[in-house]
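Next up: some structures, all given as structure tokens.
Look for chain A in each of the two complexes below; its partner is chain B in the first and chain C in the second.
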Partner chain A sequence: MSEFLQHLINMLVLGGTYALLGIGLTLIFGIMNVVNFTHGVLYTFGAYIMFIVVHQLGVNFFLALPLAVLAGWLLGATIELTLLRPLRGSDIDTTMLVMIGAWIAMQSGTLWIWGGVAKSVTTPFPEAPLVLGPVSVSWLRLFVLAAAGMLIVVTYLLINRTKLGCAMRATFQDQDTASLMGVNVDLIYTSTFAIGSSLAAAAGALLGPVYVIFPQMGDLAAVKAFAIVILGGLGNITGAVIGGFLLALAEELGAGYVSSGYRDAMGFLIIIAVLIFKPTGLFARSERVG
Partner chain B sequence: MKLGAAILTIIALASVPLWLRDPYLMNALITTGIFIIGAMSLNLLLGFTGQLSLGHIAFFGIGAYVSALTSLGFDIGLPGGFRIVHDPWPPIAGFLLAIIVAGLCGYLVGLLSFRVRGAYFVIVTISFAEVVRLVALNWIELTQGPLALTNIPSITIGLPELGSLTLRTKLQNYYLVLAVAVAAYVLISRLVHSHFGRAMRGLMENETLAVSVGIDVTKTLTLAAVISAGIAGAAGSLYAHYIRIIDPEVFAFINTVTMVIMVITGGKGSLFGPVIGGMIFGLLPVFLRPIMAPEAQWIAYGGVLIVILFVLPRGIVPSLAQRFAKRWNRSPAAGPVTFSERDAKEPA
Partner chain C sequence: MTLTFRSVSAIALAIAFLGGAAEAQTIKIGVNEPLTGAFAASGTYVVNGAKIAADEINAKGGILGKKIELVIEDNKSNPTEAAAVAEKLITSDKVPVLMGAWGSSLTLAVMPKLMEYETPMVVETSSSGKITTTGNPYIFRISPPSAIEAAAFKGIVDKLELKKVDFLVINNDWGRGTAEDFSKMMKEKGIAVGAVETMDQGAQDMSAQLSKLKGTDSETIIVTTAVDQLTLIFKQAAALGLKKRIITTGGSQNPDQIIAQAGAAANGTMHLTTFLPWFPDKTPNPEATNYFIAEWKKRGFDFAGCTESFRGYDGIRTVAAAIEKAGKAEPAAIKAALWDIKIKGLNGDIVFRKSGPVGKESGQSQPNVYLIEITDGKIGMKTL
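Right after this comes the complex of A and B.
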């Protein structure tokens, strides 16, 4: 029983960051209809920003997170402006292949700059974990959970309570009508991609210090993000949050009770099962942003 | 005219080992040839049915593992106390089994994944390849996991009156790969010019319209997937028996991407496109090696893929064919490239 509780605690920490990844991708996929293969690279990028800021610039650990979010935002906006805007109106396959090209170039760039040796980030948290009866959790993981929770709430408010969010939801529903109502669709696309990318970078910056940082860390993260989006339904933020926690639960239980070698297979199996049996996602009443 | 060009190309390719003595370049040519076969099979799906399968390496890898395991033998325990013991068979049987098993997998995957289209199809195919990779990595009793299957025997062919010949040298493997590549090319070419090929292209251009004139979507797409997977399995088998060691890295997503880049650069939906694209991207590392670090090469590949999609979205072969056709003021269909005028973006 205590083992099960421990799995639940781990699931909460993991699920929070997965939800961030999923929200970022579901916004981009839902609003822009772009299969974003650079999402994983943005995740890696966020983790490396954390490493650079803490270790090479010597800045405080807590200040590094907002910087990683900002860097992700800037890189996302750059990708959108240089690669996606000129391709507006081309078919989805072309866009997808361009994003694959960008992903390969950026990942190899990471490998070239920082090398293949895994890096770890030292954190200001005590080594000893917090023990709560039968379960224990490290302070770092608690911080990750809290920060992820905060970012999820901020994003939710941004989409549901602000004018920008309203314009994003309108663009998702009907791009042409939104544009007739005075929504600057180009600006919405750039903002969506930048916000989605900054969330991926935040997830990387949060999970990077928990594990280790290496150039290919984003590959699995990207596929997991796709699994979450498919599970939660396109453009559905609440669905992405639930999907993130469900995927984390499946991974924890799969690793704990089946075989740890197949931990990463859970996301793929979920994708295949959902798309075959319920292609609209588990929570799709009607597909919408919000 | 067309037949003449084809025979000249084959003669030119067959004469390469006569003047090329460098074993490193021969090795590059053989692996390039194997990947070109894979790219041709991918082109059957991507270029002629319009389905972007990003899990194609799974069939290549399955072919490699099936062929290797058939010729090495294995002894595995199953739940319930059963054991499967397989004694080594000749590699040529492995080659045939690789085609059959990969084709069967293509059938199953096709049946399941053609329920969805577009982005979802892409994601399902990626997931399938990753699941297969994880099985190859974790089913250690069968596949040796990361320790890799080693000492895979070379292919032996029985020749009448000459006895059997084991293809060990690079020269012999070069001709083997060339023969399989020509066979695959002829098969795909016959296929796309048949009634079935027109059904595939009809589906790609307008699925609703194709259905309305009586084309069975699932049957057509699944058959294309089976043949495509079978050819990829044959390429995987050649790879296993030439390299003689395989590990789960063969399933890496980057290998699928390599094939996709070959097809896109050469020109999807063009029969000769994957050959040209494959030559470029298979041999480019050989020439770039002295001047660029491998990471920088990959950055360049990503960049090239993006540039090609922006500048020559239809690929090299169709664009060139169109240019020549304009110069000679002929229909491009009469040139060596077929369907070069077809482009999804142009109104039908």
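Right after this comes the complex of A and C.
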């Protein structure tokens, strides 16, 4: 029983970060319809910014986090302005190929600058875990969960309760009509991509210190983010959050009770099942078509 | 513009010719190591150790009157890449001998290429038994296979009062091979073997496996993987309140890095290692060990890397000794000469004995294995 409780706690902590990865991508892949292969690199980028700011500039850990998010926002805006804007209106394959190119170029860039050897970031949290009866959890991970939860709520409110969010949704539903209503479509494209990117960087900045930081760390994260987005239904923020926790649950229980060798396969087995039985994702709204 | 392009290509051609001319003056040794991916830290250490050996040999005038030149390629911690890199080194760079490829799965992927091109390789790190037992006569291994590690460990299990052990191993030839060889030895000693958990080489979160191991009735966990994953395991085990004794195998632990990155979580852990940079006087070749460590520090490398980099140093010295003995830098002659060399390695004499099916034996040297324990952030030696 205590093992099961420990798995549940692990699931909560892991799920929060998966959800954060998922909502960033669902904005870009689900709402903007850009197959964003740079999501994983932005995750890596966020983690390296943490490393630079904390270890090379000597800035406080908590101050470094918003800086990493801001850096992700800027890089995202740059990618949109330089790569995606000239390609707007071209078909999805062209954009996809350009994004694959950007992914490879940026990953090689991180390798070139920082080398292949993993780096780690020290945190101000105590090493001794929080022990609650039979289960325990590290303070750092609790902080990550709380920060992820906060970012998820902020993003949800931004998309659903603000004028900017309303303009975003309008733009990607019908660009021409939105434009006629006075929405600055160019600005919306840039800010949506930048927000999605900053969420990826935030996930990297939060998880980098939990694990280790290396140039390819974003690859597995990106694959999982795509899985979560497909699981939750494209463009659905609530779906991405639930998808994140479901994937974490499948991995934890799969590794704990089936076989640890198939841990990463568990999530993908669920996705295959979802795609067969409910191809629009578990939580896609019925009115969403195309 | 056209002019610029022309002059650029002319320069490029000139450089190529010069390079070609310089080539004949050196003896090339192919180095096939993981410099990116899951084993980047370890592979980089090995390459840096190899460079120290090459510089030392060249400073003394090289071999056969020529300087040696390391042709270093990154196998990206990926078996497919490791095979491709071996092919490139042999066919395009024309190296007569290789050193590599760090991981067991990487080395196993390279082995068919060695047969195809009849080129020998000195294996410096890999520990899967399969490497020297499948009948590949081009393999000469200086690292201990996991069965030798298990045999060395056998002597101390009574003192450690092991009753039941679980395994957490990397899910590849190295990890699974270690679990097999150690389980066999444990069972012979009457020690029960519980759960055998695995993790992917790129996995960063082992909490699920560790939560499961926390709940079993074993008192010890044998862990096999490289340093990056090990530090994560120690941190995550501490976060889960897992208080069992952890013993690691494979010699790729870099204990100082574990202490630095995992802090208090490293205390009480034990590690089977193949080099003792902390106690140069207790190594089989103190003079060479002191030289190597001094050179390593002089180059500004992290001391933690010594336990890994010495393999690159010994590997290149082994290759160089064989080329010298062969009298020419040709694959068949080097292969024959590898059987006849005897050099003083940092971890004991390097002498190859026959291993594997008759007629196509691989070479296996018998290095020493040590057990160390981390107490209060300090490394102490245990007698095996």
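One rule holds in what follows: the second predicted complex is superposed on the first by the 284 of 290 C-alpha atoms of A that agree within 3 Å, B and C clash if a C-alpha of one lies under 4 Å from a C-alpha of the other, contacts with A are read in each partner's own complex, and residues count from 1 in each chain.
The rule is simple: contacts are C-beta pairs under 8 Å (C-beta built on N, C-alpha and C of every residue); 3 or more make two chains touch, one makes a residue touch a chain.
What you see is a predicted model; the values in this text were computed from it and never measured.
*Asks:* Which holds for A:Ile271: it touches chain B only (first), chain C only (second), both, or neither?
*Replies:* first
*Asks:* Looking at the overlay, does A:Gly101 come into contact with chain B only (first), chain C only (second), both, or neither?
*Replies:* The first partner, chain B, only.
*Asks:* Which holds for A:Leu180: it touches chain B only (first), chain C only (second), both, or neither?
*Replies:* Touch status of A:Leu180: no partner.
*Asks:* Please indicate which partner A:Leu111 is in contact with in the superposed arrangement: first for chain B, second for chain C, both, or neither.
*Replies:* both
*Asks:* One more residue to check, A:Ser90. First (chain B), second (chain C), both or neither?
*Replies:* first
*Asks:* For A:Ser120 in the superposed arrangement: first (chain B), second (chain C), both or neither?
*Replies:* second
*Asks:* Which holds for A:Phe214: it touches chain B only (first), chain C only (second), both, or neither?
*Replies:* After superposition on chain A, A:Phe214 lies in contact with chain C alone.
*Asks:* For A:Gly261, select first, second, both or neither according to whether it touches chain B, chain C, the two together, or no partner.
*Replies:* Both partners, chain B and chain C.
*Asks:* On chain A, which stretch or stretches are contacted by chain B in one complex as well as by chain C in the other?
*Replies:* 111, 259, 261, 264
*Asks:* Quick check on the complex: what are the chain B residues that touch chain A?
*Replies:* Checking each residue of chain B against chain A gives 50, 52, 112-113, 115-116, 118-120, 122-124, 126-128, 130-131, 134, 137-138, 253-254, 257, 260, 264, 293, 295-299, 301-306, 309-310, 313, 344-345.
*Asks:* Give the list of chain A residues in touch with chain C in this complex.
*Replies:* Counting only chain A, the residues touching chain C are 2-3, 6-7, 10, 13-14, 111, 115-118, 120, 127-129, 131, 135-138, 140-141, 211-212, 214-217, 220, 251-252, 254-256, 259-261, 263-264.
*Asks:* State the interface residues of chain A toward chain B in the complex, per the touch definition above.
*Replies:* 29, 33, 35, 83, 86-87, 90-94, 96-98, 100-109, 111-112, 219, 223, 226-227, 230, 259, 261-262, 264-265, 267-269, 271-272, 275-276, 279
*Asks:* What residues on chain C touch chain A, complex-wise?
*Replies:* My answer: residues 35-37, 40-41, 44, 74, 171, 197-200, 202-205, 207-209, 211-212, 214-215, 228, 231-232, 235, 238-241, 261, 263-265.
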